[in-house]
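The structures considered in this document are given below.
In what comes next, subunit A is part of two complexes: it sits with subunit B in the first one and with subunit C in the second one.
The block that comes next holds the complex of A and B.
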């Protein structure tokens, strides 16, 4: 089973990377862009449902900085 | 815009409220004001006959925060440091950064600041924005930033982390990464600094960032506006909810739960700041700026207030014109936000189109947000409605506290004497690998220290693959001149904890010697004071003692203190940090080609020890390594340092010295080893003639104003005629081993290669 962990900046935290992408896209003439959100997704291959709890723990203990980031976990197609 | 619902400022009911209920308001609005300060605030509005609006209360809280008005430290700073001026200083402690003469046409501009509290919450963003802020402090004086320094202090990496606290290794890695990314992306070299570890910094790391820039003397832009009718332009980053209440937050201790402090966190954006740097320098070149101030702690509230107040003027602010990151921000949020990469410029209406064009070229957001006017009251309008109308003098001056302090107990200076180990060789290797001594390469290598092409001596120096630490960095800031800046940033928290006065003198002596042994002459001092809770009389006493030491030292050596920073309330769960005054000292070298290396340059040369030693191990890395706490600090003989200075000047002008290194962390042994590392040249040394008693005292004591120098045999005669300080020949550069004898007994015999390995791996083994 595949479990995805998606990490993104919380609302109100400025992401310099996305503002640079947006600025450059506008320079190239893509004028319909209102904003860009960049997220990072990890995909875990887990043995069973207990693995999902482990992913949650990995997220909290290792991968997510709760001060500036939030995360979602969901099951993903292969 | 029509149709959008605007939240106007809310009234805060203070009048008629019982004084006992005021602290609850301070807490709810996160003002960080004490009960007494809230009463002052209430009485002020009582005299105006009206209740304040929320933005007015927030503006006052910003202005009265420890960070902005130095309320606990101002009295003592003035008492001890205000008289330290030299004629070559152009601006000291007046504007955002100090300005000092470099040559007849140029000045150097410098400042150091701490970013401790934000870094405790989010080390990467906190450290990065610390660098960004200090660059803007130098930039806003109209100077081109040329080098960065940083002094960092972390908890014991082995200690892990407490409940609700970040792992110390995480804090360390992320803070270093933040400094690296900001400095490297801005293209400003990080050339010097210091790094120390101690348990007291767990949960409250110290991030002190310094910057130095150069400018033509006539181009200096003041942090004040003197033309009524001028416009104020905010340029650079947009204003958002990040970094709200940062300064109020610096006026108290970090709260237990990190998520509580979310509003104080900011991420840096060096790409914007790089563009801002170019734009500011172009505007300065065009000569159109009447005044400039960077937006740091306190945001617009501090910057607009101070810029106008310093020029004896005030302003009408049109707050709805500030470019925003989020649309629905309330007026008070816009006014106090500490979003990064913003600069406030004062300009006349006729020059505005030129500034607009420059800012457009660099793709920077900008807007005219205020008009400067005569009068005493600052007025803020938000969509036509007046939301703030306050007397600028009352707002900006802030309270000054002259709190009680107690001096550290007068204790007899007892010397701690650890047991002599059976095997000095292995102790020596252990000391080389000690956290506070070992190679800083894993950190400094991640910093780009050669970008701009003006770094003559970086943090690492020597042959490729055999590098060692330099004593101070050398930067050549001007293209058409060989005159250079010699930069060092030092701190001896272990010694300061043992004895604040003596410890601070030791810090200054080390910085002073770092510049001398690099071939420069000390020129100016910047202090960055990191201390605990000032409401604790014992902590404040340490701060005062430390200031007294800075005054005594600088008076003795005619050194000006040109700028500084005070960070208080550095605590973790009521536990104060070790008092940590950081000294950023700048020297001048007439010709950078004559910079002296810190490593042995060839075999068969003589090694001399200049200065007296008394074997006092107090405050040494050895005692810290062996687990002794607060062991006082060694005496510093300032007259001796003065005679060392004279001797070094004579030796340098006669080209006698091949290499030189000061004796500091780890004592004589570590100094010898570091000199050996730079070109893998060993030494045969006999310390029978040195004072200090037992072998470990002779090898590891850090007391005294001592330096080691390498001299070619044919210059030895000249040497003895030039030196007035105490000097002893202790050995010869030779082979590939470090061999140290004492009274016909071999103390240490290690291969340079093995010693180097222990030293190099010390830090990387932990991270």
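The block that comes next holds the complex of A and C.
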């Protein structure tokens, strides 16, 4: 069973990486891209439902910075 | 921990200021060969621990917490110095040692520089509060030259204005970035876009300090562009060691 953890910046938090990508995309002629939001996704292969609780815990304890980030957890096919 | 840097410079800085430093690897804490409470000062060096994966300092902090979380709390409660430079500062914030106020838990963090670049150069700081360890070490000059080298040094505050005021009133803001005349200034003097030009934080008691600049890289005046005696680094390590010996 695959569980995905998607982490992204909260609304209003400055993301220098997306600013750099957008600026350079514009330079390269991609002028229809109004904004870019970058997110990170971890995909965990878990043994059973207890594994899902561990994903939630590792998200809160280590992987997510709650001051500037928010996250969603969902099941994935692959 | 893999990926640290300047631990040699920090080691030598402590030794030159009169301490008897010792390297401790995280694995020595994990297998109980060393115990943090047997020491008088803890120093978390800079670098890119665990490759800065997840986010800077997060994995280092998680391993320190798992191996020695209780010892760190005991050490801090005994008011012995805990210092973190650069990546070490990020580790201390992740550990909750800084700003160290339960009210501010999860309200202060460090993230990528606003410039989107790795900033490696000199900056200037000034002391922003009274600190029992630093004392009068930084009196007499409005701007102290000190090097920075980081890409994740921007201090971000949740509820910025109120959190900043709380930190300021509590004496938690130790150093601020300034221009060469000592005036608060934006980029490039503030190299990372930190809110309120914050360069260093301490806990309210003052025994735990985290700073993004590297005092261990500027122990002697000849390491500074300005060549002014004394250099910022010597003042820092002399003060920490003197405080430790006074306990």
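Basically, the second predicted complex is superposed on the first by the 78 of 78 C-alpha atoms of A that agree within 3 Å, B and C clash if a C-alpha of one lies under 4 Å from a C-alpha of the other, contacts with A are read in each partner's own complex, and residues count from 1 in each chain.
The working rule: a residue touches a chain if its C-beta (ideal position, glycine included) is under 8 Å from a C-beta of that chain, and two chains touch if they have at least 3 such contacts.
Everything quoted here is computed from the prediction, not taken from an experiment.
Engineer: Classify the contacts of A:66 with the two partner chains as first (subunit B alone), second (subunit C alone), both, or neither.
Structural biologist: After superposing on A, A:66 lies in contact with both subunit B and subunit C.
Engineer: So, A:12: does it touch subunit B (first), subunit C (second), both, or neither?
Structural biologist: After superposing on A, A:12 lies in contact with subunit B but is clear of subunit C.
Engineer: Name the contact category of A:54: first (subunit B only), second (subunit C only), both, or neither.
Structural biologist: neither
Engineer: Looking at A:20, would you say it contacts subunit B, subunit C, both, or neither? Reply first, second, both or neither.
Structural biologist: Both partners, subunit B and subunit C.
Engineer: In the superposed view, which residues of subunit A touch subunit B and also subunit C?
Structural biologist: Touching subunit B in the first complex and subunit C in the second, residues 13-16, 19-20, 65-68 of subunit A appear in both lists.
Engineer: In their shared complex, at which residues does subunit A touch subunit B?
Structural biologist: 10, 12-16, 19-20, 23, 65-68
Engineer: For the complex, give me every residue of subunit A touching subunit C.
Structural biologist: 13-17, 19-20, 61-63, 65-68
Engineer: Which stretch or stretches of subunit C touch subunit A in the complex?
Structural biologist: By the definition above, subunit C touches subunit A via 54-55, 58-59, 62, 106-109, 111-116, 156-158, 193.
Engineer: Name, in rising order, each residue of subunit B that touches subunit A in their complex.
Structural biologist: Those in contact with subunit A are residues 121-122, 125, 237-238, 240-242, 258-259, 261-262, 265-272, 325-326, 339, 363.
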